[in-house]
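Both of the next two complexes hold subunit A, though its partner changes from subunit B to subunit C.
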Partner chain A sequence: MNTADDGRRPYLRPMRGWWKHNPYFLRYLAMEATSILIALYALILLFGLWRLHQGEAAYAAWLAMLQSPWSLALHAVLLPVFAFHSYSWFKIMPKTLPAIYWRGSKLEQAVITRAGIVAALVTNLAIVLVLVGLPS
Partner chain B sequence: MKRSHEPVFWSLFGAGGMLSALTGCALVFVTGIGVPLLLLSPGLMRYQTMQTFIEAWPGKLVVFVVIVLFLWHATLRILLLLHDFGLASGILSRIIGNGLALLCTLITAYLLLSAGF
Partner chain C sequence: MPEDSRTIEMEVLRYRPEQDREPFYQTYEVPFENDWSVLQGLQYIKDDLDSSLSFRWSCRMAICGSCGLMIDGVPRLGCRTFLRNYHPRRLRVEALEHFPIERDLVIVADDFIDKLASIKPYLIPKQVRKLEQGEYLQTPDELERYRQFSTCINCMLCYAACPQYGLDADFTGPGILALMHRYNADSRDAGRDARMRLGHSDAGVWGCTAVAYCSEVCPKEVDPANAINQNKMGSAIDYFLRFLKPRGAEK
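After this line comes the complex of A and B, so read on.
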């Protein structure tokens, strides 16, 4: 490290504003930033679980909170953010997997990404359809 | 060589990332838009429905896995973000971040177990 009593003054590449230097960095940051909203959503659910634990009145207040314009606006933002997370998750998935061979040739990255996105569409739709179909 | 504890956090990150990629949109739509706007039956999230749901093991498991894995996934990325902007990259930030995730994990487990069976 370059400290005050160190005679050397080694060059330290400035990192300020690094994320503006390349559009790839910006996409990386957008991908990482989804985590803040994913955490927020998990905390909303955890809060609901706590209100459920407190009893019927407390839980009703949580449900009413979900109906507030603020909550609806937040969830309207959360929905595309989760969709972007899904997309970017499967976009990077082939890069994190060991190479997969299929009939003697390496499986292309785009194939893995597309398969992941299709899987996400199927599971998300299935959840909504099952819940719509439940007798209530 | 000393064994690293990193794989634990990366596994939780991966599991949470995959689960949220596969189910996140549907969950946000149902709990945050569909039911509150009455596009879906409000009965889905009625007090008695939810209470009955988490009294059974499958329901407990679903709620636990969603909340906890989403949080562990997000924690690792938030720590990476803090590191990338040079805001907090030391061991202390990791202890606080992972500590909070662990605390939420324990709270979730407690709330689900105390709901009875």
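After this line comes the complex of A and C, so read on.
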């Protein structure tokens, strides 16, 4: 395409710092980055399952670890992280689905996102109610 | 002068390959009226201030897809973006991101054109009908399955919005993968298998990481992110199903 004597010298701009160019890209990176913390929390829960398998004392020690100040601080950080990731996950969800038709017209993507968020809120609320209602 | 005539500073990215080592910004004072588009601002510069400025345009009404530009860092059509929305601030106009700059605001679109041809963007009927057999019929519902994805005008704004395309030149990119989906979803077409050899690959749908900014900037609401990502499920199923098929089985 580009020979020395045709006068053409196409200039390709570098991609360095591309994510700083637009707040949309920052939100995208935040969505990707928060998934790492989600994976970390899955490991914590898996560790609990393994401790349960080891017996009652091990499981009780794992529960005690969860109640330590460091663990509570971690949970305080993770709660907004989970909330943001859940929101971003449901925001992208309609992009992954074929068009859904409801009573002859196409369901708007915002409706699918809102339905997902409402389902997540209801599920979480139900879990909290069950836990609060459990005899200690 | 009409009452609504004002002046705006347009900061334009210039690159003249015969004399510039790299692009630089040049600022022009452009008097404009309320209904002037950014494209009209560029035309004023070319006609009255600096005839050396190069840019592409044709229809002036968001149909031809020629005047895609970065306007204050956002991919937009110059003809449907209005100067009044930026006044009294200045605005910055640059060539579309992720493409090599040929000159000033003109990009090299060769990669896009080559990839466009590679996905066979035409109907591949299962059985070619003879003229006397009439047209390939389709119901309104069947049309609805792909209509949205058929309205692309090849303006390449989605490519300028896609960091994956900027980072990996092998990625087929949003607009063309949406067009691939448009033909695959057409009830008159039987070319899916031929197209999806590329579609299933990293250069195809799996090269997309669902940034989804392409769908935000599309001037025709094609929603390429939806066209691409709804294929990932089918692509994954195809991948696992081939382990279940007997060897040498007919497709």
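In this section, the second predicted complex is superposed on the first by the 121 of 136 C-alpha atoms of A that agree within 3 Å, B and C clash if a C-alpha of one lies under 4 Å from a C-alpha of the other, contacts with A are read in each partner's own complex, and residues count from 1 in each chain.
One rule holds in what follows: contacts are C-beta pairs under 8 Å (C-beta built on N, C-alpha and C of every residue); 3 or more make two chains touch, one makes a residue touch a chain.
Every value quoted in this text rests on a predicted model; they were computed, and no experiment measured them.
Looking at the shared chain after the overlay, A:79 reaches subunit B, while subunit C stays out of its contact range. By the document's definition of touching, of the two partners only subunit C reaches A:12; subunit B does not. Using the contact criterion defined above for the overlaid structures, shared-chain residue A:42 touches subunit B, although it does not reach subunit C.
In the superposed model, more residues of subunit A are touched by B than by the other of subunit B and subunit C.
Shared-chain residue A:123: touches subunit B; no touch with subunit C.
In the superposition on chain A, A:53 makes contact with subunit B only, not with subunit C. Looking at the shared chain after the overlay, A:108 reaches neither subunit B nor subunit C. Of the two partner chains placed around the shared chain by superposition, subunit B is the only one that A:66 touches, whereas subunit C remains out of contact.
On subunit A, the surface patch touched by subunit B in one complex and by subunit C in the other comprises residues 15, 19, 32.
On the subunit A side of its complex with subunit C, the touching residues are 1, 7-13, 15, 18-19, 21-22, 24-25, 28, 32, 92, 94-99, 109. Those residues of subunit C lying in contact with subunit A across their complex are 15, 17-18, 22-23, 73-74, 97, 100-102, 108, 110, 145, 163, 166-167, 209-213, 215-216, 223, 225-226, 229-230, 232-233. Against subunit A, the residues of subunit B that register as touching in their complex are 17-18, 20-37, 40-41, 43-47, 49-51, 54, 63, 66-68, 70-71, 73-78, 80-81, 84, 86, 104, 107-108, 111-112, 114-115. Every residue of subunit A that touches subunit B in the complex is listed here, in rising order: 15, 19, 29, 32-36, 38-39, 41-46, 48-50, 52-53, 56, 59-60, 63, 66-67, 71-72, 74-76, 78-79, 82-83, 85-86, 89-90, 116, 119-120, 123-128, 131-132, 134, 136.
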